[in-house]
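I have a structure here, written as structure tokens, and I will follow up with some questions on it.
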Amino acid sequence: MNVGSTKENNLEKRISITPETSKSFKNLGLNVFLEKGYGESLGFKDQHYLENGVEILNSSKEVVSKSDLICKVNLPNEEELNVMKENSYLIVSSINSEKDKNYLNNKIKVFALDLLPRITRAQSMDVLSSQANLAGYRAVIESIYEYEKAIPMMMTAAGTVPAAKVLIVGAGVAGLQAIATAKRLGAIVSATDVRTTAKEQVESLGGKFLMVEGSENLETKGGYAKEAGEDFKKKQAKMLENAASKNDIIICTALIPGKPAPRILSENVIQKMKPGSIIFDLAVTQGGNSAYSEVDKIVNKNGVKIIGISNVMNKLPLTASSLFAKNVFSFVRNLYSKEKKQFILNMEDEIIKSTLIQGRN
Amino acid sequence: MEIDPFIFRFSIFILSIFIGYYVVWSVTPSLHTPLMSVTNAISSVIIVGAIIAALASSSDKIFEISNIFGFLAIILAAINIFGGFLVTQRMLQMYKKKKKK
Amino acid sequence: MISANLSAIFYLISGILFILALRGLSSPETSRQGNFFGILGMIIAITVTFFTVGNFSNAFNYVLFFLVIGGAIGAFIAFKIPMTAMPELVAGFHSLVGLAAVFVAISAFLNPQAFNLGLPGNIKLASLIEMSIGASVGAITFSGSIIAFLKLRGIMSGSPIIFKGQHFFNLILGISIIVLIYFLCSSQSQSFFWSLIAVSFLIGVLLIIPIGGADMPVVISMLNSYSGWAAAGIGFTLENTALIITGALVGSSGAILSYIMCKGMNRSFFNVILGGFGGDANVSKEKSKDKKPVKSGNAEDAAFLLKNASSVIIVPGYGMAVAQAQHALREMVDALKKNDIKVSYAVHPVAGRMPGHMNVLLAEANVSYDEVFELDDINNDFANTDVAFVIGANDVTNPIAKTDPQSPIFGMPVLDVEKCKSVLFVKRSLSPGYAGVDNELFYRDNTLMLFADAKKMTEDIVKNLN
Amino acid sequence: MNVGSTKENNLEKRISITPETSKSFKNLGLNVFLEKGYGESLGFKDQHYLENGVEILNSSKEVVSKSDLICKVNLPNEEELNVMKENSYLIVSSINSEKDKNYLNNKIKVFALDLLPRITRAQSMDVLSSQANLAGYRAVIESIYEYEKAIPMMMTAAGTVPAAKVLIVGAGVAGLQAIATAKRLGAIVSATDVRTTAKEQVESLGGKFLMVEGSENLETKGGYAKEAGEDFKKKQAKMLENAASKNDIIICTALIPGKPAPRILSENVIQKMKPGSIIFDLAVTQGGNSAYSEVDKIVNKNGVKIIGISNVMNKLPLTASSLFAKNVFSFVRNLYSKEKKQFILNMEDEIIKSTLIQGRN
Amino acid sequence: MISANLSAIFYLISGILFILALRGLSSPETSRQGNFFGILGMIIAITVTFFTVGNFSNAFNYVLFFLVIGGAIGAFIAFKIPMTAMPELVAGFHSLVGLAAVFVAISAFLNPQAFNLGLPGNIKLASLIEMSIGASVGAITFSGSIIAFLKLRGIMSGSPIIFKGQHFFNLILGISIIVLIYFLCSSQSQSFFWSLIAVSFLIGVLLIIPIGGADMPVVISMLNSYSGWAAAGIGFTLENTALIITGALVGSSGAILSYIMCKGMNRSFFNVILGGFGGDANVSKEKSKDKKPVKSGNAEDAAFLLKNASSVIIVPGYGMAVAQAQHALREMVDALKKNDIKVSYAVHPVAGRMPGHMNVLLAEANVSYDEVFELDDINNDFANTDVAFVIGANDVTNPIAKTDPQSPIFGMPVLDVEKCKSVLFVKRSLSPGYAGVDNELFYRDNTLMLFADAKKMTEDIVKNLN
Amino acid sequence: MEIDPFIFRFSIFILSIFIGYYVVWSVTPSLHTPLMSVTNAISSVIIVGAIIAALASSSDKIFEISNIFGFLAIILAAINIFGGFLVTQRMLQMYKKKKKK
């Protein structure tokens, strides 16, 4: 069986097959086809792939037409889609809109890795975790880059530089890594979340948890957040208004699966912030947690910079690709039967069942 | 102006109490059980009394009632002595020193 | 027959050997040597007695015979008993010492000439008092130990047996002992002697039944102390230095030990000894119901195991993060390294609650990256490692992930900690981790559970390592 | 006596009098004159100054002509210089070139704070320390911002992200802070210097010291570095070639007072580095420690990014100004006699003697 | 006059009180109580002796008189002596005990009837041996202590006096003691007795002169032990339980103490006692030459001072960074906080070698920012604080910056640590810091120097805090 | 079969040695000097012998040579007793417990 991948569009620096995983694919008994210059964006030369037994083909069309399974970060373009083999498989990181779904046709089986159930067995394929983790890290790096003061406390002969205060909104995977990163740099870190188990987790990283007073636990059985009620939102807004004036950097990571991101930082809250403060909205593509936040822009509101980046992963594409490619490989390993030497669509397998997308018809 | 030997014995008794106190004060918890079992074994030094009791007779009347109690006490104490020391030994197997590399 | 002076000196020597025995037993390094001193002391005491009495007639053969019989029984029990039955074994042994003391007292009472105490019916007052005390304390030891034994063995329910007016009743019995001794001394009548023994048996029973099963170790040590006092009492009667020294030694050390144990369990000594005051005994009984047995230890045990290992792997998990135990852990590892012990850290890919959670904390504690290994790189090393120190990790060690396809964590690679010679688990309870799956490793033979907050426990271990 | 300051040129975001120090000046008994909109670049409103008793004047000329002492980060422009009072004082952070010196006239007394002796008493005025410290911090932030991987080690379900390796060349004030900052973020940090006392200092921050083998100590009595001999340079180059291939980020801070910065990273060394690596050359304005480095550019050489920024302080102007302003204030306090209510040019004072610059005449 | 039995019991009681006295003195909390027990035991012993002898004639008045005279002298000395002269004072006192023992032995030899030992010229053999030993050991104690006193006082040079064949000569003298005792016993002749005492005096001198001044504390403790054995010897002669118990107690505890002290100083016990073997004594003498005196302590002393403080300020400096002691320091502060002690950190603006150096390290050790204060905010608090714990800092505490315009650090604001009740300085030596200026605080009365690597010392303090 | 009182005294002696050993074993270094000074004071219990020596005479011959040694010994021991205990007391002043807040 053949596995293939082609270059992503210009907006995406990540790739889904690294020299390292191409070797793993070979070891599993699969052939790997890649388009010429595949890893260029990351400094991987074709040579690196050839050394690992990959076949480099001249055009993306050639790759697609020869492969039984295509792995990509984003959906292939129409041209590529059209030449895909009948009943071949396609693995992508996510499918965002209904439009995207319709755009697929029925002859291929498509897996969106962001639909993976969060069961233990699926941890090694969990792109949401692996990418969110890096996003949390990078969000802090981006924020301190924009911040015009120093983060850690320094008592010096020329006076004391106070430590910056960082608030993390949403203590999921990204939020926790953001806490850890900010803490490392010497910031005073607090975090808030709607799930009460988050408290212990925040504290386990040395952060302070800001509890919305009198709130219930908004955790679903799956460990995700539920949408908050009006009452909760009011209490949370009050708490945040208070916190906003004290914090220098706010990093927003709050999401609710299948819903637009909750709006958490209102205009009101932002007004309370000191000039020079930073808001980084990781949820910006899902609608944003913060007022004023815009995709791929730094909005300056009374001296408060509100940063929205559509694809933070492009800021550390090497690490992101390395983890993403391993996620993809783990998924393929689960799909492929070594004995039968083919991909098996075992609908009893929760992992396969939940990630499979039915196209238009 | 001789001193009654009882006074001496009593002095010895009191001093021994102090020693018992100090000796045990710093025992590590993991040795509580072996320590108990060894003190138990030691306390069967009562066998000294049992032996005296058992042997306290002319050779023809070995099984006078008082001797019998002596013999019984010997058996009991002997069980205790052997059992106690051996079982301690067994418990202490786990505290073997690590071998030098 | 040897002179009284010489025998007194030998008795002193055996007393000193007993002191050294107890001393030895208070630290693991010297414990075996201590036991040896105890045996030596006993041999000297017995041999000296033989020569002092100097009666090598027929009776002597019988003495030897019974000695061997008893010894054989004792040895047999010592080898056959499972290690788990230790506490009840000790309790059982105590009862024997108590009874032996009673027997010796009876014998002395019936045949005082043999001991130089006067004539039957006209025993020296001091001796009579001494032997009464010996007999009474011996009897209490005997019946009390029997009850403790039955409770521990499970033949009798472990729960405290309490009835109204118990303490008052005990008081009455206590007074009656004194009254009986008084009448015994004034009348020298056998019946008072026998009644004294009977009442003492009863007191022994009554003293122990109100004490709950969980407190039995303390009780056993207390009974140990009693048996010492009984021996000392008899020692005064027989004017025997070995008995006096040993009795006092055992008496005081037993009392101190039970006090130490109470302190270690955070219980009041008097509550335990008086029994039935608090409801604690009930609680601890209920808690332990329906549980598979686990071996649990304390910081000192852990320190001992660690110190004697030549290689240790640390497995940190979410609990370490919650407890913020990383700094203490580093201190512990530093202390181990000073002892030339090889230490590595094994970090499971999903340990904690965030990717790289453990790395953040270990880096904070300045753990060098060279010492931190990922699962694939270290999993084979467990088999050659002496101790796995699992601190606040749970799911990531659970072998069920390898065996039970029904388990929610099936298929996750896990750290094979159980392949180490010993596994130490630091966590607060037996409750499961994130995945909610019970971890069978807790119940294994080579596992020692260290129930405590991870930071607290690690700090305590550091203390004990030095 | 009057103290004044005017806006800097466009390339400079720092200022030399903050609202905080203006209060201190007032307490000392000095009047403060500032140009309108003085602190704008940092978000300080004129209002903030007025509250602290500052007089805001309409033009820079007005300020200069009224003041007995002018504090500035950079030299005033010609227009301003011309209207300065006879025998008035001027304090600037540094005077770089002979040209600058000539440009000054003799009627004013000029102090360049970078000439301060490094004696204990001068520590609170030491701009070199206060700014180098921040530069070291910011150099790390800039480098990790450009670095396309994550810095700290992360062992995750999708594989292990190795920790980045950071090498600091020159362990002076900036270098030490760079070590601390990189270490905080979880990097594996090593450093090298020509002064042997630096070893203990590097290790005191948890870094590893790379000793140039068989080298002597190149420390002057003042604690600065001497220029290295050829032999040393060769040995150092060899050591660095070796280190270059292992490190992901190199931060250069090496300087020799009164000399151009030593060239330490040769083309050879840079060639050995992995693609994706970063070199940050803090010494770029003094000639640069690294080959290829250019002022205010990111040069990409075989995938290695070589960053040179002329004024890193502009990246955290708020903190930098706050410390700089306190340095300036401390200097003025030493110059001013409270009893005599005037500035005293005490040439016995080492601090005053060494910083005073004689202009053209 | 009271019965021998009763007095024996009272002597036992006073012996026990002495045990409790020593026990009390082994921990600061109970030390004052221990001293009290000692006084009580002594009063009982003396009173009982009066009643046992029962001679309240004229002589008794003289006894009281001399007792008061001696007491007055003792009290006078005790109050007048400066604290720094303690060691030589103790040595001096020892000599008195030794001499007293000799006098009692002489008295017993001259007037044995008074002690029930037979008649002059016909003293019981055992008693004679006992009193010879007592007299000899007492004499050694006396002359040895005198030498120690002279050395400590500086009247005699502190350096070891060694001559060839010293050990051989000592051996000869030792043998001659035994020979003299033998002849004394066989001839009962006074001349042998006096020679015995004379030779013993000589031995005392010879034993101590080869020992260097630095080892004197060990010697004093050793002499203490000797005085105990002398008392025990006399006790056997007088058949007095109090003397026997106390003598044995003092004898063994003194020996143990000198052993412990050697271990603490990392010296070999035998080298010290035999003296003049190694060159160590020379070295330590030279080192201490020309130095102002500093008080130096160990981890236990520091722990004690810290534990009994109610507020502590930590002053970290470059040495903490070099030793990487920040984690250990945090542990220490945690332990203090558990004892309800208020702890803050005072960070000097230029502590360390880089701006913010201390902040980096404290943050790494997870010290909360609320506890870290800059100089201006905390400098006034020192005056109200019990202990300043200065760890690896030096220049930043040096008061010379405030006083001496010639000093290179003049004008730098410094932390006023000396205003605390006590100041602990953790550093490895007396050497100066970055600025190269000597710090006079080291020599102040309220300063305790803790010479060690900062990490090691802090860890040791943590151990001692628990 | 009476035991010689010497044996008892010897036993007492030996046991006291053990106690001395245990009691001092765990002393904190900062108490070394006070401990030495207290043991020194205690060892002047030799005064018991001195008193006996001093009083061993009929009332008319108070100053026999043996009594004089007794009196001298009393003075020496008394200096030691008072001096020793008092100086210990002084040294221990610094170990006052902290006052409760």
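Should a chain be cited, it is by its letter among A, B, C, D, E and F, assigned in written order, with residues numbered from 1 in that chain.
Quick note on the criterion: contacts are C-beta pairs under 8 Å (C-beta built on N, C-alpha and C of every residue); 3 or more make two chains touch, one makes a residue touch a chain.
Please read these numbers as outputs of a predicted model, since none were measured by experiment.
Can you list every chain that touches chain E and also touches chain F?
B, C
Please state whether the interface between chain C and chain E is built from the same residues or different ones, using more than half shared residue numbers as the mark of same.
Homomeric contact, same residues on both sides for the most part.
Select the chain at the greatest separation from chain A, using centres from the mean of Cα atoms.
So the farthest one, by centre of C-alpha atoms, is F.
Using the touch rule from the top, work out which pair, D-E or C-F, shares more C-beta pairs.
Between D-E and C-F, the larger count of C-beta pairs in contact belongs to D-E.
Sort the other chains by how far their Cα centres are from that of chain D and give me the top one.
Max centre-to-centre separation from chain D belongs to B.
Provide the C-alpha centroid distance between chain A and chain F, rounded to the nearest whole angstrom.
81
Starting from the mean Cα coordinates of chain B and chain C, work out the distance between those two points in Å.
Computed value for the inter-centroid distance: 17 Å.
How many angstrom between the C-alpha centroids of chain E and chain B?
Computed value for the inter-centroid distance: 40 Å.
Distance from the CA centroid of chain D to that of chain F, rounded to the nearest Å?
For chain D versus chain F, the centre distance works out to 73 Å.
Mark out which residues of chain E touch at least two other chains, giving numbers and ranges.
In chain E, the residues touching two or more other chains are 15, 19, 239, 241, 245, 324, 349-350, 355-356, 360, 363-364, 366.
Can you list the residues of chain D that touch 2 or more other chains?
Where chain D meets two or more other chains at a single residue, that happens at 123-124, 129-130, 133, 152, 154, 156-159, 161, 184, 186, 206.
Enumerate the residues of chain F that touch no fewer than two other chains.
Counting only residues that touch two or more other chains, chain F contributes 2-3, 5, 8-9, 11-12, 14-16, 18-19, 23, 26.
If each chain is a dot and touching chains are joined, what shape do you get: line, ring, star, complete or other?
Contact map by chain: other.
Would you mind giving me the full set of chain pairs in touch?
Pairs of chains that touch one another: A-C, A-D, A-E, B-C, B-E, B-F, C-D, C-E, C-F, D-E, E-F.
Under the stated contact criterion, what part of chain D meets chain A in this complex?
Contact set of chain D toward chain A: 42-43, 123-124, 126, 129-130, 133-134, 137-138, 141-142, 144-145, 147-150, 152, 154, 156-159, 161, 181, 184-186, 275-276, 303, 315-319, 322-324, 326-327, 330.
Enumerate the contact residues on chain C facing chain F in the complex.
Against chain F, chain C makes touches at 4-5, 8-9, 12, 15-16, 19, 116, 239, 241, 245.
Which of the residues in chain C end up touching chain A in this complex?
Going through chain C, the ones touching chain A are 318, 321-322, 324, 349-350, 352-357, 360-361, 363-364, 395, 401, 408-412, 435.
Would you pull the chain A residues touching chain E in the complex into a rising list?
152-161, 163, 186, 188, 206
Could you please specify the touching residues of chain E with respect to chain F in the complex?
14-15, 18-19, 21-23, 25-29, 31-32, 34-35, 38-39, 41-42, 45-46, 49-50, 53, 55, 57-60, 62-63, 66-75, 77-79, 81, 83, 86-87, 89-90, 93-94, 96-97, 99-101, 103-104, 106-108, 110-111, 113-115, 126, 217, 220-221, 224, 227-228, 230-232, 234-254, 256-257, 260-261, 264, 297-298, 300-301, 304, 308-310, 340, 386
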